[in-house]
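Let me give you the structure first, and then I'll get to my questions.
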Amino acid sequence: MESEFKVRTDLAVELEEDVKEEQGKSEGIRMERESICDGRIHVTKVIIENEQGERTMGKEKGTYITLESEELANTSEGYHREMSAALASYVSELLPPKKGRLKILVVGLGNRDATPDSLGPRVVDNICVTRLITEEIGNVNMVEKCKNYEVSAIIPGVLAQTGMESTEIVKGVTGEIEPDVVIAIDSLAARNTKRLNTTIQISDAGINPGSGVGNHRKGLTYDTIHIPVIAIGIPTVVDAATIVNDTFENLLNIFKMTKGLESINKVMSEFSPDEKYELVRELIEPSIASMYVTPKDVDATVKYISYTVSEGLNILWSNDI
Amino acid sequence: MESEFKVRTDLAVELEEDVKEEQGKSEGIRMERESICDGRIHVTKVIIENEQGERTMGKEKGTYITLESEELANTSEGYHREMSAALASYVSELLPPKKGRLKILVVGLGNRDATPDSLGPRVVDNICVTRLITEEIGNVNMVEKCKNYEVSAIIPGVLAQTGMESTEIVKGVTGEIEPDVVIAIDSLAARNTKRLNTTIQISDAGINPGSGVGNHRKGLTYDTIHIPVIAIGIPTVVDAATIVNDTFENLLNIFKMTKGLESINKVMSEFSPDEKYELVRELIEPSIASMYVTPKDVDATVKYISYTVSEGLNILWSNDI
Amino acid sequence: MESEFKVRTDLAVELEEDVKEEQGKSEGIRMERESICDGRIHVTKVIIENEQGERTMGKEKGTYITLESEELANTSEGYHREMSAALASYVSELLPPKKGRLKILVVGLGNRDATPDSLGPRVVDNICVTRLITEEIGNVNMVEKCKNYEVSAIIPGVLAQTGMESTEIVKGVTGEIEPDVVIAIDSLAARNTKRLNTTIQISDAGINPGSGVGNHRKGLTYDTIHIPVIAIGIPTVVDAATIVNDTFENLLNIFKMTKGLESINKVMSEFSPDEKYELVRELIEPSIASMYVTPKDVDATVKYISYTVSEGLNILWSNDI
Amino acid sequence: MESEFKVRTDLAVELEEDVKEEQGKSEGIRMERESICDGRIHVTKVIIENEQGERTMGKEKGTYITLESEELANTSEGYHREMSAALASYVSELLPPKKGRLKILVVGLGNRDATPDSLGPRVVDNICVTRLITEEIGNVNMVEKCKNYEVSAIIPGVLAQTGMESTEIVKGVTGEIEPDVVIAIDSLAARNTKRLNTTIQISDAGINPGSGVGNHRKGLTYDTIHIPVIAIGIPTVVDAATIVNDTFENLLNIFKMTKGLESINKVMSEFSPDEKYELVRELIEPSIASMYVTPKDVDATVKYISYTVSEGLNILWSNDI
């Protein structure tokens, strides 16, 4: 597939699949795979090592860890605990080293009022904060348990509600409280519907411009806020272009096998990339480009996955792995 | 367009557009159009008079009134009041005649936790109920003002949350409190993205099986609950098949004008309906069939439209038109 | 303490404390105590056996099981699991015996929008329903796991929102779906602030008129709906009268020990019960009588306790004790 | 009443009532009263002019405008519009003068999840922001209409949820976006239950430490954030101490008139202030001191009042008075 047809994805693991298909393009990109929990969780690490890798992948330098499991949206208690513990362990790998208490600011990106974009705010609703917590205010047992971590959290809202970029708000807050690291949780767009509600991506490259369901216009990265940013992203929507693209592919395949249309493949192969691009552009109605495509049961899956992520973070800081 | 290609719509006005395109098919169907509020609101009445009309439209006998305005999702106060008053007036036309107090049960269909399906519950959150309301419990001024209406309301939830069909719950409740009429509010699926957040449909045909964003498996109609049902529906999603269909149409049009593909139209016209059906069926991934397609700002528009509808109903029973 | 001074409580265990203090009044009342989980949970069973017991306690015949633990509002995962399992086990004791699948309707009483009264709706938000659930609609793994229970659930809302008594709605629904037992979850009023967020009461006597934070005007009992009702209640508010009463007691105690006021106790003891009653009635401002008194962190505790209860019920029907 | 018995209030108008009762104490305090809207809204301005006034009132220098109406929680549309317009007009008086666009940051203080403390967040949910809003993101008609104001908004959450003081978050954000003025909305505690849901206080003295339902530990004032702060406060709770105090007063009055207790007044008047203080301290259970006292219908009144305030602010910036 030519890059002209590449549709939007926030998942490095999806881009990596493309890259593999093309020869001689994986310089500066390293990939590792493993299975944990008796094969119930598949882990893929994509490490983009240099500018060459950045160009190939169209993603920033950094480590992208993907945890995949078909049962992520499953409601079984036992299973969730397993995934939460895995999340805690891999996030822990990416934390900056520090002597003494590590100061963490958790940022729940997205729109609380739009179900598929509400994952970040929901995670923050259920994490334990420890900074400034005294007996009068909250759970001091938890503060005691998390003595190596000073945790604070914010739900910045979205531009349409606040008139501010999330990055402006986070930058202002980090200027005041000076955390050592930001952990940002966000809903992502995937290219493949099979990724929805089965995948968690953890990355030390932060949140880059244009990514996320809300299409953040400014990035939330070390470059913008001068603090390391670990991003935890879960795909909850597919881009409308995914459907167009899948349809297009399916259609061409059918044409190939249809009496009277065998020639179409030959014709299409004569299209220049620009002509093909123009074709797809025409196919997508402008009104569709600003739409979500999301499963009908997104409310239930977002609820369960947000519990898994918040439990994972609580496990991390209570050293309860 | 042949019925094989008909995509799902809950809007009679959209079906009527198809019907018009085909000659000699409008027996049993009557249509009236008018503009009100200096042309800011367009009103279409489609009246399906008999079984012939039912077959042609694929909809139950009854009156379907569509209020359309591009500014429905606009936040201007003045505009909303205008639309609310229009809604009150047209719903009032469909109410059953009664001497004395009319007993109304308002039903907010849909899923509070899934933004595009939350319209019904949100409307009920903001309507004034008057049944059993005493000074100790609520607003008696409002009860006084609404003296011709005894209003109660319920949010039945959705099957995945309750394990019950909405119809089962509503039927049980109407058995207890015996209203004269049910007014059911629901989110709908439209065929055309331009209908989203611009259209309100009012009908005395109730909610029919398979309609609504939640795809109600049983209808909420006079036949199922033995009480007249007025349905107020607002399209907030388009079916994923809409995108497939639009893409397909666009593609065919482009093929017609593309060098080397002029013949495709001729080829397509030789397809039997069954072959065409097979083609579309193949094009739609099964995983996409159970998806919402909805605008990214659906949270804001659902909020404003729900205020418009609840204000319309409150105007109706406080005789404040 | 004379009954004239009795303040409102929904907890049998609090009434039982009074009864103990008075000699020869416990006919028809049986009490059992035990500690479980290494003494972390205290269990009290009060069994009201006959009309004599009903008169003494001012409560309906039935079994009232109280689970108490100071850590109920604690956020520790391990602790919650323990309490959830205990809840599952004691609710199980009260279920009616049945061959084959037991049909349960869970009812989340209370007002979702008023934090201390939102416990019932929040529990229902997180329980697994199994009735009518197919692969298309929800989690079939859970249905498989719960094969001995057919679970449905409803959040009826409160009179000020619906214009209907909860009992009317539940009666209508049970008429349609004919469950074997109703499990109703409700927020309660306690007399003692120490009970808040430390106590769960389970009873097969149902919900009686005037009980609950919302002061249900009609009961939800076998007598009203002709189906056994198990009530799960958690105290989240104290009645304003509790504060008046505590203040009054404290004041009298201080007066006894205050120079120049030693005689007041003697004077007070000469008051007739009617005079004392008049005194308390005067002390309570009418505007205060319709108020909640609730801890400032009620939002956090209601959230955690609702998880404990919903997990307990899910454990019950998945036989996962 | 001696200051030892003064109970907590956030309302200057309530303190002013005390001050009036004491002779020669109103130096540095100016008061103006007027009625508007045919006497339906009563306006009181208390202006604290200097340090003498600050000492007398126990409040910071500044203007405190109170709008009172018994119908504030009434659901009548017409009435609300009247109050909203009054609010717009009085807030407008306190805005700093500026040539060109005035940059406003609206801050919704309080806890979204605790009903009586949710007023600030609810107001922000319904105001129109205009900063950075383009056609792609939101309502550009509104931006056009509000061309003299650049509005942004934030809901900072509460310390127990974020681990941060609201002031830290607001200070960080104002450092980034540099508004000309902050408008902070907060739920307040009143001394008198009659103030609940009838009163709006507008002040240019900001939010001071210890005020608000959430007991802000740090102030949000010009001194802390170096930007003028206009506070809009609505009383939604009374302090538990109010009930103790009212009970105590009522009790003493009854004692005076009770046979055998006439002497108590004489005895009480011999108490030293310290002894009286000790008495009240004993009367209040420590567990009660951290409690809310709030009307049972607080969910409905908070909803309606939040609409009134958000509409008032939207009127202000759209110059639609």
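Side notes on the structure shown:
Order as written gives the chain letters A, B, C and D; numbering starts at 1 within each chain.
By our rule, a residue touches a chain if its C-beta (ideal position, glycine included) is under 8 Å from a C-beta of that chain, and two chains touch if they have at least 3 such contacts.
As the structure is a computational prediction, the values presented were derived from the model and not from experiment.
Two copies of one chain, chain A and chain B, form a contact in which over half of the residue numbers belong to both partners.
Checking A-D, C-D or B-D against A-C, more than half of the residue-numbered contact pairs recur only at B-D.
For the pairs B-D and B-C, the larger set of C-beta contacts lies at B-C. In this assembly, the C-alpha centroid of chain B lies 41 Å from the C-alpha centroid of chain C. Our note on geometry: chain A versus chain B, Cα centroid distance of 35 Å, whole angstroms. If you average the Cα atoms of chain B and of chain D, the two centres end up 43 Å apart.
In chain D, the positions touching at least two other chains are 138, 160, 290, 297, 300.
Chain-to-chain contact here is organised exhaustively, every possible pair of chains being in touch.
Taken together, the chain A residues at the contact with chain C in this complex read 74-77, 128, 138-139, 141-142, 297, 300, 311, 320. Chain B makes touch with chain A in their complex at residues 111, 113-115, 160, 193-194, 213-214, 238, 240, 243-244, 246-248, 250-251, 254, 260-261, 264, 267, 270, 279, 282-285, 287-288, 290-300, 303. Only residues 124-125, 129-133, 136-138, 150-157, 159-165, 168-169, 171-177, 290 of chain B touch chain C when the two sit together in their complex.
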